[in-house]
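In what comes next, chain A is part of two complexes: it sits with chain B in the first one and with chain C in the second one.
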Partner chain A sequence: MIDFKEKVSETLSLRTGAEVTIEWRINIKGVMTGWCRLREAALILPAAEAVAGLEGRLSMITAYLSDSAKQKGVREIAFHFDLDGTTLTLGIELPLEGARIPSLTPLFRNADWHEREFMELYDIQVIGHPAPRRLFLDRSIDPAAFERLIPYSTFSNGANSKALWEKVMARSGNNRKELQ
Partner chain B sequence: METRPVINPIPPVRLYRINAGSCNGCDVELAATAAVASFDVERLGCCYSESPAEADIVLITGPLTLRVKDKVLRLHGEVPKPKVTVAVGVCPISGGVFRDSYAVAGPADDYLPVDVNVPGCPPHPRAILAGIAKAAALWRELSGCGQTLPEPAVPGSYDEDAAAPLGLRGKMRFNAAACVGCRMCEHVCAGGAIRIDELGPGLRFTLWHNSCVFCGLCSHYCPTKALTVTDQWQLSHFQEDKFSLTEQGFIPFVACTGCGHIMLPATPELLRVSYRKTNPEIERLKTLCPECRQKQSLGGIRR
Partner chain C sequence: MSGTVITLGPQQLALEEPMYFSVEVDGEIVVGLDVLAGHVHRGMEHLVMKRNFYQNITLLERLCSLCSNSHPSTFCTAVEELAGIRIPARAEYLRAIADEIKRISSHLFNCAIIAHIIGQGTLFKRVMEVREIMQDTKESIYGNRMDLAANCIGGVRYDLTPESAVYLGKQMERIKGPLEELYRIYATDHAIRTRTEGLGVLPNRDAINYAVVGPVARASGIDYDVRRKSPYWAYDRLRFQVAVEQAGDVRARAMVRLREAREAVSLIEQCLVDLPPGPLCSDTLPEIPAGETIAKSEAPRGELIYYLNTDGTDMPVRLKWRVPSYMNWDALQVMLKGQRVADIPLIVNSIDPCISCTDR
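Up next, the complex of A and B:
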């Protein structure tokens, strides 16, 4: 196990040319996960090459814009890899405006959907994607939809329920005698 | 050649069915009213029509989704007046579990006049028949076709006295005396049919049957079984009763005998669930608020 941890750290450091520290955690069920932060966006490509060299797979990519990150003036993206059953997550801070990240699609084909998805939902540009066409949204809609638009469900905010319940409470004829 | 005299040719009341984005649950029950002899609408002197222009009564299922709204309104408009509209299932009545979705335009009565509601998710075929019977009577009154309904072929096929099938989940019943005000029912309610309001002297429980989907989750999770599922399937009603079809109860707060703070009463059902049976010590402690109980416990039991 120690060999495995060292091997992963060494390979990642070697490929990225930067000191890579991975925090390994083991949960109550004995499942090990690795957590690591990369200094800059460009490092994800050599890091992913290192994972591919270790016969790892890409599980998924998560772009997110948390309130705490926003306050710091950054956004985050996390790449989740699988190394023979152990999940390794590489997180990167990106700028709020003009974020750019190299595409992993040439390395891992399943990166295609994730990259196309976060390109349309967030203001993140993917460099070197072989076919950066829309995944869900119509071409007439500008990208970064999550950052510009309010979901209709949030917008309506239970207004229908509120209106119906007001009528129910007014007419249920039982505005009770206990209160009088 | 012998010819039989035509007996009592009362023209049937024609029903037209519109699916306004339904999950098809109610439509399957409607199919039972066309295909299963004991639930057949013909017993009520009704028949299904394939053309809105030839219909008298409109049956609407589904929450009226945005996608079908205009088509539904067009079809409904094609039914000649006087027409009677029946909302079948909680979806067209209140939106049911789909209420507040961005894809739902309903409730149906925001866009078209509804006369009769048959709540349920789905309603039992007999509840649908009872609703159609109400609608047919109303239509005959409006249209001046004063004939009374034929007696159902099998007595009790849609009346309220008929025995419910075993295990049928019908309307919920609330027993305020057993409620501990934990609000779990409000939390788990799939249809958003329950709300509990805190008023000065206590908690007010309200369950709106027109949003209840008979799932029974509230009863399942109720620790003291203050909510129980009954087999009462007959909930069809005229539109004027739509918002008053509720089950209400009031749980008055009591004052702690130690400090006078108001608190929810510890009901006998709660004590039974917690301790199986009670004793004088429990009876005394139940009148105290948690803080006073804690103080008593720290001070040791005084016997």
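Up next, the complex of A and C:
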């Protein structure tokens, strides 16, 4: 266990060229999670290379914007990797405005959907994504949907509400006003 | 005909939920695929940030139907992990029982759909009939056939009385024979083998590359099961074999599910034998502190992961989850390439996709 922890820390430090500190937590079942903050966004690429070298798997990416982070003028993003049952989370702070982060798709193919999803929910630009198009939300909806007030019926593509009925009527030509 | 693009929707693909595919074909052979998702996007990750922890248990159970127990139970585990709540031993077993009951129902549903697509109407009816044993079981114990409402923060909100435990044991006895029969049919029936063997292959290296999980991964030789790799609830005390196949085809995925259904029966029986007495839920719950945590479980479709971030209030700052179908969709690009258009529905359903879970 100690060897594993040291190996992960050393590999990350070596690849990123910075001293990486990981907080390891073990729960009552003996399952371990690792928590690490990288000091700058650019380090995520070498850190992810280190994880790939350890035969890790990208499990999930979580972008989020808390009130406390907003007050500090930052936003956050967490990359969760699986190392044979141990989840390692690498957290990064990004600027509130003009946040940019390198794509992990060259290293982890499944980063594709994760990156496309958080790009439509938060104001974060992914650099180097092979096809940075919408994943779930319609192109007519402005990006960064989680950072703006949007009518719920619009957010859910108007799939089951008055909004859908109005769209149908407009397309069938029964609502001249909406067609104009 | 090269470069022709056709759009396939839920009806052509025998899916119960809306998912569309933009398929590039050369004659009747698939050469490219784009998955068009988002048709049941309900903004649920936004909604959970506007509700307190208790409300979210109810909301998350309604995320989808087939894995409806996995979401609230994994969410509760995340809250408990963060607050340092140790759930009673009896609750650990009862949570495992609820999840395994749902697993059998879910896997049988998929095997029935596979039979339906390959034109085995009688087998479809037989699998659904066997599945009814589990549906009856859920209805009798939990009062519902799909949403069990079994979980609360700190434990469970249902119990097995001595009578209901005996009933559950008898239901397991009742389903064993039919499960063996189904396993034998899927393993040996010539017509089924002809339609499923060598079809929609996901080689092991691609399964790793696409980071697929659950039965899709295990059918491609990846020996990974969250219950074994990161034990939770009572799974560290239960004995089970992780079902792994090597072929990576439609048949291998069906065989993994049928083997897992048999293992689930064994797990439920072990739980009934080992079920300790005691409370169902912690008497008092602490404040949920500020912090962040991860919780995982093996849902019927594979690894389900939750990330919870809190600030000391009763509402999450962020609650994010990634469902197993999320990566499995993308891997269809490998499974479908070079296959006939007519086989698309069978291959798509062989990953047992959950669209409500994917879109959220």
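Everything below uses one rule, namely that the second predicted complex is superposed on the first by the 150 of 180 C-alpha atoms of A that agree within 3 Å, B and C clash if a C-alpha of one lies under 4 Å from a C-alpha of the other, contacts with A are read in each partner's own complex, and residues count from 1 in each chain.
Operating definition for what follows: a contact is a pair of C-beta atoms (placed from the backbone, for glycine too) under 8 Å apart; a residue touches a chain by one contact, two chains touch by 3 or more.
What you see is a predicted model, and the numbers here were worked out from it, not measured in a lab.
Q: Just chain B (first), just chain C (second), both, or neither: which does A:169 touch?
A: A:169: touches chain B, not chain C.
Q: Applying the document's definition of touch, where does A:140 land relative to chain B and chain C: first, second, both, or neither?
A: Neither: A:140 stays clear of chain B and chain C.
Q: Of the two partners chain B and chain C, indicate the one touching more residues belonging to chain A.
A: Comparing touch counts on chain A for chain B and chain C gives C.
Q: Between chain B (first) and chain C (second), which does A:71 come into contact with in this model arrangement: first, second, both, or neither?
A: neither
Q: Check whether A:62 is in contact with chain B, with chain C, with both or with neither, and answer first, second, both or neither.
A: Second partner only, chain C.
Q: Mind sorting out which residues of chain A both chain B and chain C touch, each in its own complex?
A: After superposing on chain A, chain A residues 152, 156, 159 contact both chain B and chain C.
Q: List the residues on chain A that touch chain B in their complex, please.
A: 151-153, 156, 158-161, 164-165, 167-174, 176, 178-179
Q: Where on chain B is chain A touching in the complex?
A: Touching chain A: residues 94-95, 99-102, 104, 107, 192, 195, 197, 199-202, 204, 206, 208, 211, 243-244, 246, 248, 250, 252 of chain B.
Q: What residues of chain C sit close enough to touch chain A in their complex?
A: Listed in rising order, the residues of chain C that touch chain A are 37-43, 45-46, 81, 86, 208-211, 226, 229-232, 236, 292-294, 296, 303, 305, 307, 309, 311, 317-318, 320-322, 326-327, 329-330, 359.
Q: Can you list the chain A residues touching chain C in their complex?
A: Those in contact with chain C are residues 27-31, 33, 35, 57-60, 62, 64, 66-68, 78, 80, 82, 84-87, 89, 108-110, 112-114, 121, 134-138, 145-146, 152, 155-157, 159.
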